[in-house]
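This is the structure I want to talk about, given as structure tokens.
Note that the chains are named A, B, C and D in the order they appear, and that numbering of residues resets to 1 at the start of each chain.
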Amino acid sequence: MSAFRLSDQILDAAGLSRELASASAGACVGFEGWVRNHNDGKAVQKLAYQAYAPLALAEGERIMAEAAARFAIERAICVHRTGELAIGDLAVWVGVSAAHRDAAFAACRYVIDEIKRRVPIWKNEFYRDGASGWLHPDGSPVEG
Amino acid sequence: MSAFRLSDQILDAAGLSRELASASAGACVGFEGWVRNHNDGKAVQKLAYQAYAPLALAEGERIMAEAAARFAIERAICVHRTGELAIGDLAVWVGVSAAHRDAAFAACRYVIDEIKRRVPIWKNEFYRDGASGWLHPDGSPVEG
Amino acid sequence: MPRHYRLLYFASLRDCAGCDGETVATAATQPRELYAQLAQRHGFALAPERLRVAVNGEFANWDRALADGDEIVFLPPVSGG
Amino acid sequence: MPRHYRLLYFASLRDCAGCDGETVATAATQPRELYAQLAQRHGFALAPERLRVAVNGEFANWDRALADGDEIVFLPPVSGG
């Protein structure tokens, strides 16, 4: 299965984590991005992700290959949600196993940073006051 | 329940992770230390952890409090195994939730580094050649 | 003779265009020219400097030569994660 | 009059002493002196510089005054995680 995946279903972190198992790995670092109930001072009710899937998958896979080339890791997987999510839902999961923890931490951080920076996925936040808005990576609103 | 715990039973990472949930948290970073099948060029068959429990719990709890004071985190938990473990078993689990990922990564790394450096827990590796040995933090053997 | 391009819209551009995608017939031969036409038609406020371009599922530059039937996406600043 | 201390052993010191713990009666009044006696008796090879000391479940220094009934642990270099 691909190292980078999109899913419109609830993510199973425990099941994904099992795919990282390796008898020669001594460290596993996981990142979970959860839907937060606030952003930039506004109360968030839910959110929705859109992805340009073919390019998101290609760019995500490039990032995973970069992480494998830069860091001494064993396995790495990232799955990003699409569709509607509620507060507390898992929006993105990254897991990396490695012989040693330095590489696992560095690679996990690299993957989530690059995913957020480069992969064509967009977040629409729906606020408690009824407004909604597409966000920039810095959390400020995008004007159409 | 305490933020730092010892357990002589198999750790349930998914269950522990659920204890970190918080509607105001946007990031969760987890570290898992697994029993590796090799160390310092030697084939490892299994290992056993001993802990001086009262001091391990007190020192572990101090480390968790330090992490909460230094980083903008929501919740943090660490559980360390004692007793006999097989290859692939989860030896130590650290989980940290936070509003933002910078704090979650930094606090998770801080906790595992300090646990390994300061908490009175010792690892005895049993090698495939029949030998065994207590280890220093740097992985070299301790002479009694 | 005009060429036909398949456009896909995401995020704020989708809201602004009022559709997920459309096929346009135009004399434009590269993305820069094409975006200017679409921005005028749909009222897109995002300047090209804020967008990236993808052609047939891969990133491309603004001056790339387009071929009849290409799938073109103007990508607003991303916000995954 | 000798004092009684409760000693607990871990890791390589436990293997070397051949027991988890013991109660000793001694004239030693601080950890440094006590460890020297135990090292001689059990053949501990670890120098005090490599160890830490705990008294009654908390870290202590080597020159701390010990009281009758104290629980004392000489801690080899740790290797958790």
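We adopt the following convention: a contact is a pair of C-beta atoms (placed from the backbone, for glycine too) under 8 Å apart; a residue touches a chain by one contact, two chains touch by 3 or more.
Only a predicted model underlies this, so the values are computations on that prediction, with no experimental measurement involved.
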Chain hops separating chain C from chain A, counting only touching neighbours: 1
Of all other chains, the one whose Cα centre sits farthest from chain B: C
Centroid spacing, where centroids are CA-atom means, of chain A and chain B in whole angstrom: 24
Rounded Å distance, chain B centre to chain C centre (Cα mean): 50
Chain C residues counted as touching two or more neighbouring chains: none
Set of chain A residues in contact with two or more other chains: 33, 112
Interchain contacts, given as pairs of chains that touch: A-B, A-C, B-D
Touching residues (chain side chain A, partner chain B) in the complex: 13-14, 17, 21, 23-38, 87-88, 97, 99, 101, 104-105, 108-109, 112
Chain B-facing residues of chain D, complex: 8, 10-16, 43-46, 54, 57-59, 73, 75-81
Contact footprint of chain D on chain B as seen in their complex: 33, 49-52, 54-56, 58-59, 80, 91-92, 112, 115-124, 134-137, 142-144
